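Before anything else, here is the set of structures, which you'll find just below.
The following pair of complexes shares a single chain, chain A, combined with chain B in the former and chain C in the latter.
Take a look at the complex of A and B:
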C-alpha cells in the first residue's frame, strides 16, 4: 500500500507541488495502478533481456560537422525571465553579492 | 488528393481558394467541434499565395504544392504557437520547425493551424486538454478520441484535407477509428521525431491522417525517411506512393489474433471487422488464426513504460527556459510551483506513477519487469510475422464513447487495448473505416504490418477501402 508519505516523497522527487486534494487523488491512483503493475510481475521473464527501444539502433554515428546554431536572442526569447544573455533563476548558491 | 492536385495544376482552382474554403469550413464548424487550438489564418493565406505564385511561374515544389494541412499541437512549428494543449506552454512559440513540418513545407503545404490533443498527448479522448474537449463530428456528445483527436476530427469534418498526428499507444489510430478516417502509425524509426514534443521516446511516432488511404500514403511519402537529427531514424527508407494493385490480396496471409476478438469487444464492431475479413477472403486472402498471448499484458506494460518515460521527459518543463513560471524564493520551490500550476491532472498523475516505477526501490519490480515483458510481446509479434503477411484486428473495442463517460483513468487506458502492441513492438499499423454501428458511429479496422512494411499495409488498406466502398466525403 502506498501511503501519504510515499506520495509526498514522489512529489518531491518529481518537483511537483500538489494540493491536498491531489495528494489524496494520486494516492488512490497509485494504489490502483499497482494492482495492474503486479499483474506483470507474474509473467515469467527469466529467459529474456529487457527491451529499451522498439528497434535497437547501436552506435549510429554521423559526421561531426558544425551546423547552424539558433541565435542566442531567439532561444532566450522563450524564457520567462532572462537577464543579460542568461536565463534568470532564484539564487541557488549562498554567498555575497 | 490527386484530383485536387490536377485542378491546381490546370489552374482551375488556386491554393488561396482551397485555404479560404478550409477557413470558412473551420469558422462554420469550430464552435461545435473545437478541433483547433490555433488557426493561423494569416500565415496559411500567405503560404497559399506563395504556392499560387510558384504555380503561376511553373515551379511548384511538388504535385501537392498548395494543398493545406493541420498539424497536431505537440509538433513544433517555427513562429506558430505550440502548446501541447498544456497551460504550461500556452504562450510558447517555437523558433524551429520539426523535421516533419520542414518536410511538408518543402513540399509547399500551407499549415492552416494546430490541432487539439490531450495534454502532452496523454489520453485517449482529448478530454485532458487545457483548451477544452474536441467533439466527434459524427455526434458532438461523443469524444473524437485521442490523443490526436483534433487532427482526426478536423479531417473528418472536412476542415482540412489531411493532418499530422503522433501515436505512442494508439493516439492516431484510435481517434481515426472514432472519427471515421484513415490514420497511420508508421514503424518505429521510419519518421523523424525531431521537434515532436516527446511523451515516451521508445514508443512515439509521427504519422498521417486523411479521408482516403491514398491520401494518408501521399502525406506519409512526404515525411518518411532518415533524418540525422533523430538517431533512431538512421536506417529509415523513404516511401514512394504505391502503385495500387488490389491483386496483392490474392494469396495474402492475413493473421487474425484470437485475443483481439474476445471479451470486451463490442458485437457490432466485431461483426463489421469480420465482414471486412470475409471480403478479403473472398478476394483470395488466406485468413489464418494466430495467437498473440502476451497482448493481455500490453496495456500494463505500456502504462508502466509510458509513465516512466514521460516523467523523465517532462522534467525539462521547469519554468526556466520556456513556459510559465511561478516565482519563488528558491529554485526547487520555483520548479515545483511552476509544474504544479502548469500541468493538468492526467499529466501529474503520470509523472507520479512514472516517478514511482523509476524510483530506486521499485525500479526492478516495475520498470525493468515491464521492459522484459515488452521483449516477450515483441517476440510474439515477430513470431506471428513469420507465418503471416499482415495482422488484421479491430482498432478499438468500441465505437466513440460519450464525453465524460470514462471517469476512471484505468478504464480510459483500456481503449488502447488493441493498439499499444504495435508501439511496443515497433511495427507499423493503420486504421481505416470499415462500416458504422447502429447509431451511425464509424468502426475502425486495424491492419498491422511488419517493421517498415508500410507499402503492404497501404496496399491491403486500399483493397479493403475499395471493397467497403464507402467514400467518406469530398475534397473540401
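Take a look at the complex of A and C:
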C-alpha cells in the first residue's frame, strides 16, 4: 500500500508541489496501479526473457561528427538568471567540519 | 589501536571524441560558455539522443587495456537527481549492465608489481561545469553554470577496495592515467578536468576482515591532492575512532587551501536516484568481430613498453620509467636506439641536458641527435664538448659534425701532438714535477688541468692521463 508519506516523498523528489486534494488523488491512483500489478504477478513468466524496452530494437550508433549547436542567446534564454554567458544558480551545499 | 587503510577509487575519464556522447555538439575545451549546447544535451522536451560510435569504441579500448571482460550486451539507465550541473535532471549512465567488467591494472610500487582489481567500467555522460563564486563549493553564495561540458562522453572506472595506502592510490592513478593516454582515448588533463578521481576510504582494526564505514572524498584534481586528502582523512578517521567516536558515512570535499577534507552537508534528502532503464536508448549490442578488431589493434601498454625497454634496449628501471612517462622522449629514443644493444648512453643523453633544452624549445630531428651520438662514439669530441655541441644543435641548422668543424672543437687525437703538449707543460713546471716525484701525488690534477687548458679542453682525458703517466714515471 502506498501511504500519504510515500506520495509526499515522491512529490518532493520530483519537485512537485501538491495540494491536499492532489495528495489524496495520487495516493488513490497509485494504489490502483498496485492492484493491477498484483494481477500481472499471477502470470507465469518463468519461461519469458526479461525485457527493459517495449520494442526489441538494436542500438543505432552515430558517427563522431560535429554538427551545429544553438546560439548562446537561445541557450541562456531558458534561464531565470544569467551572468556573463553563464547560468547563475543559488548556493548548492553548506559545508561544515 | 593500529588500523588498516582500505581505499577504493572511482575515476572519470573524459573521452577524446570530436562530438558529444549523445548529440553532435562539439567537445572542444575553452569555447565561450554555453555555446556548445543543443536541445539534446540541454534536455529540452522532445529531443532524442543517439550514441556516438567512437565513444563506444574508446570505452571498449580502455576496457581491453584494463584486461576487462567486454560485455556484448550492455544497457543504458537513467539516474534521476536535481543538481545545477545536470540540465536534464537525470544522467544517462550504465547501472546494471556496464559495458566492461572484472579487469585489473598492474603497476609498480618500489619495484614490486602490484595488481588492483577493476570492478567495472561503464559509459556515461558528463555534467556541466560549475564555477563557484568564492572558489570553493563550500562557502559560495552562488555558482555559475556552463553546459558546454554537459554530455561529453565519460567512462567511469571503479576499483575494488584493495588499495592500502594513500601513496599506492597515487601510483595506481598515475599508471591508469598513462594507460588512458597510451590508448589514445583521453587527453587525461587533470587540470582541465578530463581525468577526475573520487576516493572511498575507511579504516579497520589491523588484520580484521570487517570493513569500517567509508567516507567518499570528492574534488581531488591532482595526484598530490589525492595522496594528501587520503592521508588527512586516514588520520582524521583514526582520531575519531581513538576517541571512541563513530565514522559517519558521508561525502567530503578536499579543500586545497586549508589542506583538510570538509563534510558536504546536502540541503536535500538522502540520495534516491530512482534508476530505471533509459527509454530513449535501446540496449547496446557489440559485434564480436568488431570487439576482436579493437583488441587486435590495441596500442602498446605503458607496462609492456617498460619491460620492452628493459629487456630489449638494456635500460635500467629508472631510465625506462622516464621514457615511458614521457612518450615524446620515448619516440625519439626508439627512433635512434638499437634493439638488442645497450642504449644507456642514448637514454642518458635524452634525460640530461637534452631534456631541459627539448622542453624549452621542442625536440630536435632525431637524426641530428644521432649525429651527435656518432661523433661522441668516434671520440671526435669529449663528453663535455658534447654538451656545448648539443646547445648549438638547438640554435644552428648545422649538423653536429659541421658545428665541431666550424668551432674547431675536434679533440687532439694525434698522440704525438698531445705528447708534445704534455712535455711542454712538465718542462714549464719542473719544480712541481720534482715535488710530485717526491710524493706529492695530489699535483697530478694540476698537471691534467694545465694540459687541458693548453689544448682548450679538446683532449681525451684518458689519453692525457696515459701520456702523463708515461712521462712522469719514465724518468724517475
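Following the convention adopted for this analysis, the second predicted complex is superposed on the first by the 86 of 97 C-alpha atoms of A that agree within 3 Å, B and C clash if a C-alpha of one lies under 4 Å from a C-alpha of the other, contacts with A are read in each partner's own complex, and residues count from 1 in each chain.
Note that in this section contacts are C-beta pairs under 8 Å (C-beta built on N, C-alpha and C of every residue); 3 or more make two chains touch, one makes a residue touch a chain.
Just so it is clear, the structure is predicted and the values come from calculations on it, not from any experiment.
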Partner chain(s) touched by A:91 [first = chain B, second = chain C, both, neither] | both
Once the shared chain is lined up, is A:83 touching chain B (first), chain C (second), both, or neither of them?
-> second
Between chain B (first) and chain C (second), which does A:41 come into contact with in this model arrangement: first, second, both, or neither?
-> first
Examine A:62 and indicate which partner it touches, taking first as chain B and second as chain C; both and neither are also allowed.
-> both
Any idea whether chain B or chain C touches more of chain A?
-> B
For A:70, select first, second, both or neither according to whether it touches chain B, chain C, the two together, or no partner.
-> both
Kindly classify A:50 by the partners it touches after superposition: chain B alone (first), chain C alone (second), both, or neither?
-> first
Should A:1 be classified as contacting the first partner (chain B), the second (chain C), both, or neither?
-> neither
With the two complexes superposed on chain A, say which partner A:13 touches: chain B (first), chain C (second), both, or neither.
-> both
Across the two complexes, find the residues of chain A that touch chain B and also touch chain C.
-> 12-13, 15, 52-53, 57, 60, 62, 70, 75, 78, 87, 89-92
Which part of chain C faces chain A closely enough to touch in the complex?
-> 17-19, 23-26, 32-39, 42, 44, 50-56, 75, 80, 82-84, 130-132, 136-147, 253, 262-267, 269, 272, 274, 277, 279, 281-285
Chain A residues touching chain C - in the complex, by the definition given at the top = 9, 12-13, 15, 52-53, 57-72, 75-76, 78, 83-97
Note which residues of chain B are touching chain A in the complex, please.
-> 92-96, 187-189, 202-203, 228, 231-232, 234-235, 294, 297, 299-301, 303-304, 311, 315, 318-325, 327-337, 339-341, 343, 345, 348-349, 351-353, 355-357, 359, 365-366, 368-376, 378-379, 409-410, 423-426, 451
Note: in the complex, chain A contacts chain B through residues 2, 6-7, 10-19, 22, 25-26, 29-30, 32-33, 36-37, 39-41, 43, 45, 48-55, 57, 60, 62, 70, 74-75, 77-81, 87, 89-92
